[in-house]
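Here come two complexes built around subunit A, the first alongside subunit B, the second alongside subunit C.
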Partner chain A sequence: MSFAVLAGGIMIAFGALGAGIGNGLLFSHYLDGIARQPEAQGNLFGQSMIGLGLIEAMPVISIAFGILVLFGII
Partner chain B sequence: MKQLIAWSSRMILIVSAIYVSTFGLIWFFRPARALASGALLGGLISLYNIFHLALRLRIAGLRARSGLRPAGLHSIIRILTVVFGTLLVYRFRARIDYHSFVLSLLFGYLLLVPVISFYYLRKGSTKSSDEGRDTLGSDSESEVSRNDV
Partner chain C sequence: MDLTPKVKFLGMTFDVTMMIGTVVSALIVMLIVFLMTRKLTMRPSGKQNLMEYLIDFISGITGTMLEKKQASRYLSFALTTFLFILVANLLGVAVMVTASAHGPIPALGITAQGLEKAKNSLSWFKSPTSDLNVTVAMAGAIFIYSHFAGIKKSPLNYLKGYVRPYWWMLPIHLIDELSKPATHALRLWANIFAGEVLILILREAPFYFTGVPLFAWMGFSVFVGCIQAYIFTVLAMVYISQKVAGE
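== the complex of A and B ==
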């Protein structure tokens, strides 16, 4: 097994792992907040959207780079 | 929340129309076709991803609010669109530049931050002028209480 395959696999796996944990924490707190105070949904939506967007940008980039490394383009 | 969604989606659509037309013109006039097609593909995938994320988040919030079982965020769909784009880049390596593709995948996610922050800043400045009206309202209430006395 070449190091490129290993590097690509690690990039994809750890990117997805970190984003999964981050997304889960943020989303559960978002649902918690709405369940406690339904009228705050508007404020929570915008803030959660920024947070989720920034969290998701990381695995997207790591998956794209990881696949390109796996296929030997980079 | 409806105002936030309407305003931010309008802003994102305007910015993305400018983005797509710019890279479309670059692609059409052939100065850097591979670069433009990579940027177009990555930008459109990231725009799809943020609209899908907003839709799923809204659905989950509405379901939680009405007491139903909360729906998930369906992240696998967004990940699969990125995988699909990357496979397209791999298949048409000569026609799509992978540098511009990967860099433009960040476009939609980074666009969210200024758009939503600008909305809250705008809302905050509008709120401060409304607070003045509230103060006027309380004065009239004091007049009412004076009449009562």
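== the complex of A and C ==
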């Protein structure tokens, strides 16, 4: 097993870890928001989806580079 | 990973797959918008309703980011960006053409070494946004335009923006300016690229084993494609508005 495989695996794993923590925080606050004010659900859903897209960027960049390293492209 | 055919011209390397992908997406966007805006009536129905909804949606983005006068100016740009990226993202989920090459083709830049690495598969059609060069070109164009618009509006204000509120903030502003196009391009590319790679990996395994995850992931890819097109457009408008916003 080469070190590139290990490095790619670690990059993908930490990307997934970060995405899990970030999305968990986002959606826990989203649920807090609709528990406090149920009529704001529609508005909050749109906002949290935009937040999801912005949060997902960093882990997904890490995962994409992890894939490139794993398959030995860079 | 699939290889892509590349052509060398004037010392530059052109990716044939990406050129096909970009042209096809642009043509589809043109066709959609052309067909949707025929026979306009005062009482809209069907396709005209959809187009009006789309324009309303985009003008919502520009309206919240920019001033009223500038918002209508950038509406068509934002609509084009959104539709092009949306179509490009969704094309990769729906259509992926892969051919197997039997030997090296020097004219298309396919070497025996690369073929061995890619297990003889040669990609002819995939999402153009899954290539970093395409997204860097789009984000770079927006970066250059935003600075150009800022200088054109008021050169003094533009330069003052770098030393606001204190002069020692200059390095932070410079890093901020440079990281904007980088993350703008990487965000779109990484999302679409990671999605396509997972589809390719799931496609390799037997269907009875990966059928359900494949369809689940393709559904998620459609969602991600829509969200990323929206976010790219919003961020483009934010970056432009930061430069052209009045005092």
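Some points to look at:
In this text, the second predicted complex is superposed on the first by the 73 of 74 C-alpha atoms of A that agree within 3 Å, B and C clash if a C-alpha of one lies under 4 Å from a C-alpha of the other, contacts with A are read in each partner's own complex, and residues count from 1 in each chain.
Heads up, the rule we're going with is that a residue touches a chain if its C-beta (ideal position, glycine included) is under 8 Å from a C-beta of that chain, and two chains touch if they have at least 3 such contacts.
Just so it is clear, the structure is predicted and the values come from calculations on it, not from any experiment.
In the three-chain model built by superposing on subunit A, subunit B clashes with subunit C.
Of the two partners subunit B and subunit C, it is B that touches the larger number of subunit A residues. When both complexes are overlaid on chain A, the residue A:F45 reaches subunit B alone and has no touch with subunit C. By the touch criterion stated above, A:A57 is placed in contact with subunit B and with subunit C alike. Once the two complexes are overlaid on the shared chain, A:L31 sits against subunit B while remaining clear of subunit C.
When the shared chain is aligned, no partner comes close enough to touch A:A7: not subunit B, not subunit C. The clash between subunit B and subunit C in the superposition falls on 26-34, which is one of the stretches 26-34, 62-70 or 134-142. Overlap of the subunit B and subunit C contact sets on subunit A: residues 49-50, 52-54, 56-57, 60-61, 63-65, 67, 71, 73. Within the complex formed with subunit B, the residues of subunit A that make contact are 16, 19-20, 23, 27, 30-31, 34-35, 38, 41-42, 44-46, 48-50, 52-54, 56-57, 59-61, 63-65, 67-68, 71, 73-74.
Residues 1, 117, 183, 186-187, 189-191, 193-194, 197, 224, 227-228, 230-231, 234 of subunit C touch subunit A in their complex. Interface of subunit B with subunit A (complex): residues 1, 3-5, 8, 46, 49-50, 53-54, 57-58, 60-61, 64-65, 70, 73, 75, 78-79, 82-83, 85-87, 89-90, 93, 98, 101-102, 105-106, 108-110, 112-113, 116-117, 119-120.
By the touch criterion stated above, subunit A contacts subunit C in their complex at residues 49-50, 52-54, 56-57, 60-61, 63-65, 67, 71-73.
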